[in-house]
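Heads up: the structure comes next, in structure tokens.
Note that the chains are named A, B, C and D in the order they appear, and that numbering of residues resets to 1 at the start of each chain.
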């Protein structure tokens, strides 16, 4: 056991990497990461080197036994790895910019995870992740794949249904963010608070909220819909919830639920933001430039605080906690994306769900939820239908599947708009959608 | 067996009644209806008399042994009945007018069955139908309740979950209309055609289409989305389906699906219609006035052709066929609303579904459907969540339930609009919502 | 359509064949069988010729346009067939004799369908039926496979799970026999009676019984447990049911249920019969010899009455009715073995069940049953576990699977006896179990 | 929180009580039990006083702040309790003696939990436990009911389905015993070992076995079926498992499984034991007499070692651990009987299952199991059918239900024997079965 761990980070040139490195450093006493391989593609080589050098400085500063490897050779990084994390972006931020901007032309929210933008991110990303799972099967069959690449729910669904890999977990910082924000709003220490999470990625609800183990749901719902205390994420406008609605559904929504329960207001917000600051992708581009300028500074030996603006707060916390709990069989409770197996009634047995699990050496085991409240179940089921259709489209490259996914997405208001939007986006992302452009139609 | 049947028609003053009478006359050789009791409320007495007199003339003309009774005493009509049909409208057309007009103020489609209008129709109607089921329990416990009152799906759900009545069927003319229209578009005799119906009321799909028993699904889908041949109903604009979308979902939608898959276009259409001809309720009012003028004519001894404009085509066909098949244990296949019991996977076991059944003397038995196609399942599940929440609200009179139902309806674009709309409609329908106005809030 | 049908009968030399031929002759006006191919293996050639000649005489006598082909070449028979029926016996009656006799040595009922005997019949037969399905896929992919070979439930399960054939139906004469016997006991015409069948092959219950469409369940249960009127089959001792038990379970058991609900008495019966007349296989051998002597008689031009003693009464009725209803899209109700798809709650979605179906041109569609009564559900589920384990063993040739199937069978009283019995039977059937004797163990 | 806990022990005169007291003493630093109320019925007063005095001496010796109350007034004990434990025996050991001896007359194993004996224990006990739940509802509605009374599975099922109490847990020492025994056989420390338990009470399997979090299932199965190392319980003969069978089912059986998988051998064993030492009840009677003699000794201030012979080893461990983890929201993993909610697929959602749970302040939450292995699923489902039928019989007092439960029990070999046995046992237990002797039949 004491041989030390090898971890491969696909998309290692990401601006998030320093947070991950910090997480491994902080846990080094119980999580003996000896080799950290940062892999990227040629287009990302410059960033990889910048972030890799920072990582090395951080390790030196920490004075621990961990070696940082930088490489463009994915297979070398994977060989013999114990954990593989994925945090890459097919088509880079330019693609995200299109995912967000093109739908707005049609009066539709892009929503880069469960909306039309997310559909295209899935279409671009799923073929790549399935290639990676084949490499894992061959080069490190015992490794756990820990995926943060969005749309994390659909990617987990794709890996569960279309790969031979069993050891996969999808991760998101939304649940931990909800907990941290709620703790702040309630004025309590976060570690006294627990939330019973259940749903899908970016479509997760807090079914109950506990302080020191005792349900404080009503108080939490009141706080969450208090006009003066709206919680959200860096990348989602903190539009206020209608308190009576939150009382009615009786569960805590996640920030992304605003797209579905406040569609009109969110669209208005995004259109205005687009006019003024551009898409979220544009904003992120600026933040990234700023971050990499910081990272280049050879004096910098720790994760800079500005990284939090990036929207990925608590990312290290989620990822490193998970890896640590698997490695050490901690059996603590964490919300992750994993195979349902009946944990949430009404969602297919074989589908990915986001749900509280106990984390064991053999991976996450969902804690049984049973039936979701009637009022929220339908939306979760509808998004799962969308996700599954999108995954089928990504795997098949079938135009009609893709159109169906687009048209049934609740953010898309008609079959005709779906078709215009699909055709426009297919053309825009042509270079990253080989499966679609070898097929007949379109 | 030859004692003859007693049938009670709640809402007997409806303009539809002559079609029902015609249906019983046509089947009299095998369905011995001896007593037909038309019941209505005092506000409907004039119409009841007009339509009742016409019914009597029709029976005399037909020369059969059937007596028409007109009464305002529901209990007398129910006592010892074999079948009870319900086709009443709480609040009359004036209420429907509000169901359709108020949402348009907020840029929302009213949709008097599964939309905000349907929610309020359910809130007004469910308490009344549950009173009727109590009377049935007491006065004619062996009777079948055949409900056509909309929203038929939610009313069947309410009776299944909140009454002691087991013998209930919900009926709709949408499936038979789809079959007739498709036969016409395909140019074949309707009785050679069968459609495998499954879903919910006004949310039913044709999963497959058979001509002489052989699947012609692809041809049928092409015909259904042929821009030159759009099928619809009298009360739903025949906006054309996107052919590639229909090919993608691979099933035949019903006319009402346009509200969900063509929301923007349908809203535009309704807004324009509202400006020009008023709501559908306004149109129906005109048609009804015209119909009752015809009915008054003592020369009239048959159902007038103009009744078809009313939107209730094939209504007699559906209702009388069902009663006939139950009475005669015909074991033929008819699409009705009944308890799921696992026939459609992914919909609760105890919920109402609209599905092909074989019709036996012991009622409808659903033919097993299994899983709905992934792409359409989610919407059906979402509408079922809405329906169940609406039923709970109707039974409880709980403001927060009602708001939840409104906000999760896919036609309602935000929680805030839901609240404004709810409050406005609650006020408008106050007189017919006693449960809500005895409760604390609102 | 009027090209006429080609039917291939695998195991055409069976003594049952004349009944099948008679069935096709009787339905010739609506079921235009033009070619009837009787196929058998070389060991069965003599019987094939005898029965084939009788079939030809029957056809000539009937004066219809149907040609009988006799062949040892299965592929020739299958090429272009519209229906394939299977009624073969791997290892012939000698194998059945062992299936029944060896378990008795260990104080265990052999039960050639769901017991240890049935396990070995499955192990011998499933590899052969899967070969046949591969031929069907290649040579007549549109054909329906109608299987009567026992154990019909496990064989249908194997085809559903391990072949590419979708068009398969398993058939049994137990349900029709129950109906005929019950009609006789009740003194009513059989066609006025209907039974709601649900369960598994040879483990099917009548959940309700209708006379002219009206439930007479209590009367039927009383009749079925009347000590003076015990119904059974030719091959199952008509030991009387305990009337209070039948009243308690509230459903009609099938004759085979005696093995599970009267295990001790049936074992005693079988042991005694074994001492006196030998196994049922021995009896059948005698009957068969007698039958083939009759068949040889060139004067014989019709099915001889003695065939009924064979235990296959109403076999023609079940098989030809099914084929006729498929061909003519009759949509009548017949109990067959087909994929569950949720029709019976608590049984896997993909498993074979025996259940009332409407029979369409696209095959049988199960009528939804919902939950089986609690008291009978468990046994059905246990036998399904046994069946699935047995199918896995047959496909894998895995010794441990086979032992597991043997030990969990409710007729086998211990793991140790299971092992002795398994080893003994494996040795006895060695020649017909190639999969097991190429594997390592055993 | 620091008010201290009140615990009511129904059946406090049990010989097990000292172990429970010891458990509370050992955990007193984190589980502040201030009042321990031992309740019993008048027939048990003498034992109550003996064991109560011992408990007081133990507390004094431990020097902690806990008061022991002895009472025959259940309502006083319940008032304001935080936890209620139940460990009573309706009819005392004399009834158990009959449960075990009468079936042997018919050649049937009595099996006082899931067999015919267990059926009668359920019939006697369930009406009493339902009375207790009504008291709890009234007197301590926030209390947790922790039931050890056998048959714990059926009692939990009855409370879940027929009471208004939600806070109920069924407890058994079988899982912890399996773990301790396996640790010993494997020669490892028990706390390094975890077993994934799933099934029903006394019908629980170890689906997997982990050492330091890593699966060692194959090794564990080999050890469990090693002829030299057979594990069992004090009250179950340690007959050896067939190693190939254990390999075949691929899961760890519990000691009680011998009744179902080694029925013949266990029956032989019990018959022989009956001839020599009497039933297990007779043995226990002797042990109890001996124990109470020890308890009377005023010098005794700790739990005597002889208590372990009683068959209740680790009972304190299971009970006190559970209460402690609930009180302190420990979120550790413990196997208990609780509502399924989908944790084990194929078992009804609302039924009790025995399964690993995380134990929170809001009670146990099952860790999702998914599908049980096919080979063991059927027996679990069959026993659940038996349990549910038995519960219905206990609640209704219906003779036919009781007969059905008896006849479908897998240890009972025929409907006729079931009837004789039922009638005999009903008569023998007449005094404790008021529901049956007010009904008409029997």
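Just so we're on the same page, a residue touches a chain if its C-beta (ideal position, glycine included) is under 8 Å from a C-beta of that chain, and two chains touch if they have at least 3 such contacts.
Quick caveat, the model's predicted, so the values are computed rather than measured.
Farthest chain from subunit A (centres taken as the mean of C-alpha atoms): C. Averaging Cα coordinates per chain places subunit C and subunit D 44 Å apart. For the pair subunit B and subunit D, the distance between mean C-alpha positions equals 54 Å.
Contact of a single residue of subunit D with at least two other chains is seen at no position. Taken as a graph of touching chains, this assembly is arranged as a ring, one closed cycle with exactly two partners per chain.
All chain pairs in contact, by the document's touch criterion: A-B, A-D, B-C, C-D.
By the touch rule above, subunit C contacts subunit B in their complex via residues 208, 210, 212-215, 329, 331-333, 341-345, 349, 358, 360-362, 365-371. By the touch criterion given at the top, residues 241-242, 244-245, 247-249, 261-265, 346, 374-379, 381-386, 388-389, 392, 399-401, 403-405, 407-408, 410, 413-419 of subunit D touch subunit C in their complex.
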